[in-house]
Amino acid sequence: MVGGGKNAFIGAVHRIAANMDGLIELVCGAFSSDAANARSSGLSLFLPENRIYLDFKEMMEKESLLPADQRMDFVVIVTPNHAHFAPAMLALEKGFHVVLEKPMTFSLDEALQLQKKVKETGLLLCLTHTYSGYPMVKQARQMVRDGAFGKIRKVYVEYPQGWLSRLSEKDGSKQAEWRTDPKRSGKAGCMGDIGTHAAHLAEYISGLLIKQLCADLSIFVEGRALDDDGNVLLRFDNGATGILIASQVAAGEENALKIRVYGENGGLEWAQQEPNTLLVKWLDQPTQVFRAGQNYLSSYAKHNTRTPGGHPEGYLEAFGNLYRNFAQTLAARIDGNTPSKESLDFPTVEDGVRGMAFVDNVIKSNESLEKWTFFEIEGQGAC
Amino acid sequence: MVGGGKNAFIGAVHRIAANMDGLIELVCGAFSSDAANARSSGLSLFLPENRIYLDFKEMMEKESLLPADQRMDFVVIVTPNHAHFAPAMLALEKGFHVVLEKPMTFSLDEALQLQKKVKETGLLLCLTHTYSGYPMVKQARQMVRDGAFGKIRKVYVEYPQGWLSRLSEKDGSKQAEWRTDPKRSGKAGCMGDIGTHAAHLAEYISGLLIKQLCADLSIFVEGRALDDDGNVLLRFDNGATGILIASQVAAGEENALKIRVYGENGGLEWAQQEPNTLLVKWLDQPTQVFRAGQNYLSSYAKHNTRTPGGHPEGYLEAFGNLYRNFAQTLAARIDGNTPSKESLDFPTVEDGVRGMAFVDNVIKSNESLEKWTFFEIEGQGAC
Amino acid sequence: MVGGGKNAFIGAVHRIAANMDGLIELVCGAFSSDAANARSSGLSLFLPENRIYLDFKEMMEKESLLPADQRMDFVVIVTPNHAHFAPAMLALEKGFHVVLEKPMTFSLDEALQLQKKVKETGLLLCLTHTYSGYPMVKQARQMVRDGAFGKIRKVYVEYPQGWLSRLSEKDGSKQAEWRTDPKRSGKAGCMGDIGTHAAHLAEYISGLLIKQLCADLSIFVEGRALDDDGNVLLRFDNGATGILIASQVAAGEENALKIRVYGENGGLEWAQQEPNTLLVKWLDQPTQVFRAGQNYLSSYAKHNTRTPGGHPEGYLEAFGNLYRNFAQTLAARIDGNTPSKESLDFPTVEDGVRGMAFVDNVIKSNESLEKWTFFEIEGQGAC
Amino acid sequence: MVGGGKNAFIGAVHRIAANMDGLIELVCGAFSSDAANARSSGLSLFLPENRIYLDFKEMMEKESLLPADQRMDFVVIVTPNHAHFAPAMLALEKGFHVVLEKPMTFSLDEALQLQKKVKETGLLLCLTHTYSGYPMVKQARQMVRDGAFGKIRKVYVEYPQGWLSRLSEKDGSKQAEWRTDPKRSGKAGCMGDIGTHAAHLAEYISGLLIKQLCADLSIFVEGRALDDDGNVLLRFDNGATGILIASQVAAGEENALKIRVYGENGGLEWAQQEPNTLLVKWLDQPTQVFRAGQNYLSSYAKHNTRTPGGHPEGYLEAFGNLYRNFAQTLAARIDGNTPSKESLDFPTVEDGVRGMAFVDNVIKSNESLEKWTFFEIEGQGAC
């Protein structure tokens, strides 16, 4: 693990998620640029002293020299955005698979380099878009893919949070600090942090690609350096349209990611804060309440739960699903087996590239006087 | 009453709403251009033969000749959009107050003429934007006005319906027929029918005016002549931003008008399908569930309910509130009294003008390649 | 109308409900034992002076002497419980049909006398158990009756309110005063006032009869004279079991009547505070959300709505349904037609007798040391 | 771990829960009475061959001979009810702390023996009443304890499930098989399996003890040997009353444990299927929606979450909380520290004894013709 020392929120989440199913063991780490923090973090995680490293370069170097059955199998990178690329690239170069926090990199250019390297090396890269790990998101995607709703016409995705309603970055909140700092977060604030989740979810469930967008970003809190809010019109490659809302100044909201998709015959609605329920709506028939853990669900949904219906699973389990699918795919590869199609279903470097391109295109649209900006991936043309 | 013969949905709704509180009595009508329907409609409503008219001109003419204590006090117009203007104008000319269905007219120009006539005559005109008649909408508006949430930053308003997901206008649905016919509905389909409700509600609750917008309208159902869907970015006069979504092809939705407004300290959420609940959200404090009929509500909310908490009131009561407030205002005027501030709170010709301007501006934006269209009222400049 | 003068809650509700569909006209009244109140109430309701009576005896007498086409068709009685019997009996004797508030009478004996008189005269008596007037209650009953769930095993009905959590009857609340006064309410407080609603709803939807019960009533508020709370075990005539909870000291609850019924294959759930939704649950299939106003509903549900799906109807419309069905049945009778089966579906004197017997049996069980009390109707044996 | 071999539901849940926070490591196991299953279960859990035992006696014996820093610290017992006592007693005798599935034992007598042994040895015993591990349950308990609602008057607890609506025990369901088998489950079916959870939750949150009860148990599915449903009236030691419902034939329900508690000033409502929300109701003030992960919660609620608000935690995390609190208490003891009051908050042998007494008293009441059965713990008198 790179990053995730004491008091880092997402590092602890990664460890719980990776731990959950007993498939993964933490064997080493470079937890902090602060040596004392790095060491004490490692010790509190029961690591032996010689597997606690002071920086990721040392870690990659030394681990790669260990015998195959002792060295780490893959690296988890949970540093702020600006510090994703270097360790990820080095890991790939040293032959390690990678699990990486989103947004994948600091810039689209870095993302494209990683994509190239992944192709070259054939190694696995898992991007932790947690929300697509929920079983009812899998169910939603599968129903759309199966054509249950006919051709998709509408995608509404929204992600309101309220935690940056005040200038918390000047109030001692570490989380707020780096997420609103252009040097660590990149071009975008809210749109990079949560807009990318929303965009990923929209494309993941609908099976469509964003083709054009029209963005209106704002900085509502005086003194803030990056956008804390944005509204975006979307047009998809099949002619569907929609909106994407992301805000960190929707005071009183927690983490209210929600998506609705409508086709010719019906639609669906899923809200992250009640993740075990998927509303399935039909023209002229009663809405159905699909519930996680039930027999009538698709193999993808079933594969991604651990408990029977009515035993709610949540964010950590969704996160665990990414790790489990990644680990099962990796284990199959190590053992020379074919991974199941359900295991292969985790976000990859391609999703990371689209995420970074989303950020670029949203920023570009926001600065433009023209209504529509084509969703282009720099150097590759439109989607 | 003009229009509202047998099988006309909204005419019956108006009669129930007007009846509800025992303040209003139906005394005459020109219910249909079909003489037999007009007559049988009138008889089934217990009208005497001599007060059943064959067209609105005859009605206005003859009623205006009756002694003051016998003739009707005001006219209700519930015809399709293209047939609003002529009877409304004639009524005003003949000295009758008017209750009018929304959107107010067929075109902005007609709306401006009505506005002028209302100013000249000093007569009352009530526009039936039903949804602003709900008590919890009143409560929401009052809390925003009282500054409970600080400066408003975000307004999300959405109005998904699914009933036009198929080409019902070719399938014998009268409702679908005229609402998708440019000759009867006007320039806009979905945006005129329900988009205007959403825009009115957004401005009513937030106390803000839409200043700029960016619209993307669609016709999803092949063979349809008017928009059946639209997504709109909004910018308000105080710097707040937001979105307005309206759709009649969100298959599986009924009449899911919903609004969320956020300020610096909190926000609120109201959904028309569960209208007796208003969620009030706070930064760092638990969300509160405000409920219709409770003592802690504002005078505006209390004035607009008839029953104690837990006895749900609905759409007809909200509609009845428009009529009741209009009737109380009218009665006060007739009696030479000052109406209460709560009674004066019903939509007027000004709201009608803004609604028609909304339609014009949305259409204009949709056809434009530029991102932003200023919300202008033709001949009056921007808001 | 007997009772329902100014400031009487339920009288105004009756008038709105009766008014709603334009089928019923208020023609006379004896609104209060206080002459001034009676007169001013009548005038404010636009009644002519000669149809405002000072007591119900005068009203029955004088109305019965009017020509058939001028006199009232039926009497509505909305006085406190102890003053139901006398006017109802006199009305029946004078040949008037009756609409009566529940619980039907002060004592079971009175109820049995009314039942006998109704049988003798062949007149109609409608008991206003409002909650069975909701369209989704009709839907629930019909689905059970159609065998959708197989044999019914469980009935859970609950009715928590909080408004008597304090000694409001000593605090100037008129409503609290008479409802907690044994001289006006009868043997039971909470169980008569709302327990009877719950019992009626349970039998109405399940189509079963309570056969045995075991009650534990309480007076939680010191100084109160009648029960303000009760828990009851139920056994039904087909072997189903269940519970009935009613409370007026569930602080923070409004009027939270709710019922769940389960059979071999599934079940249903309906809550009065969100009355347009009926949850239909299935073994191994997703729960379905049935909604008022939809095409897929039974003829009974459809008959009892006025608006399309998504336009919420509420308590007043449910009340209006009782009046409408009663009026349609009465009109059919007057016209010599057969009323539709949907119109005939309103609570009658039989329901009133069972309600009074419920009160008696609950009180008896509460005082008994034996577990089970048979649901007996005095003089008639067990159900 | 004793029990929990392949295909055993609850064993896997225990392992995830124990794993979650990185405080506990599985070091050995006697997973199955079937040797092949035991071995393959152990290997798949990465245990070395010499720590995979064929029965719990061998395990206790051999582990107790290992050096203190190598042997297991505590035993987890996840066998069916009839096989709880022997390994638990042996573990205590050998000096191991114990984590035990509920209901604690096969009979009250066994429970009392364990209680005695725990007292003698001073060892820790944690009973896995999962549902009291949820953060919002901790919040509820703390608010009641702090007197927020005044004196408690009402406790409604319900636990409907539908999974035994058919005779699944004859259909190859292992779970159904042992849970409906008196030889393995004990005297009670539904009441032992889930009624004990409901009773524990009611006492845990209310801080009250059940003093009297009146039970009506049923076997609805023909051919079943134990109760699959029950309704119980409750009286608590402070005068509060309530009901407890548990059913496994509420067709269409999943795991719908829910509790409501009302005091003089307000009440609360918590439902296990949406566990991150606690509704807090007030007389004359809006209901508040308390949410897990928020700053305004008590130290007990905060201690039992891992993620910020809006990142839902679920059943596995609640289970993990039991393990974490137990492990923290154990670690403090090993290190000679005082555990925090929040860590000490896990169910113990006392709760297990009350659970077994609940089963006995419910069965006794069900068989009695008298209304009230005192909640007695055999040999100890009433509570």
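Letters are used for the chains, namely A, B, C and D, taken in the order the chains are written, and counting of residues starts over at 1 for each.
Note that a contact is a pair of C-beta atoms (placed from the backbone, for glycine too) under 8 Å apart; a residue touches a chain by one contact, two chains touch by 3 or more.
In this text the structure is predicted, and so the values were computed from the model without any measurement.
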_Set of chains adjacent to chain A and to chain C_ = B, D
*Between A-D and A-B, which chain pair is linked by more C-beta pairs in contact?*
A-B
*Work out the mean Cα position per chain and let me know which chain is farthest from chain C.*
A
*Between chain A and chain B, what is the gap in Å from one C-alpha centre to the other?*
43
*Averaging only over C-alpha atoms, locate the centres of chain A and chain D and give their separation in whole Å.*
35
*Pull out every residue in chain B that's touching 2 or more other chains.*
253, 287, 291
*Which part of chain A faces chain B closely enough to touch in the complex?*
149, 153-154, 156, 158, 160, 162, 165-166, 214, 216, 218, 220, 229, 231, 233-235, 241-243, 245, 247, 249-253, 260, 262-267, 281-283, 287, 368-372
*asked:* List the residues on chain D that touch chain B in their complex, please.
replied: 279-280, 284-291, 294-296
*chain A to chain D touching residues, read off their complex*: 9, 12-13, 15-16, 19-22, 45-46, 161, 163, 253-256, 272-276, 291, 293, 306-317
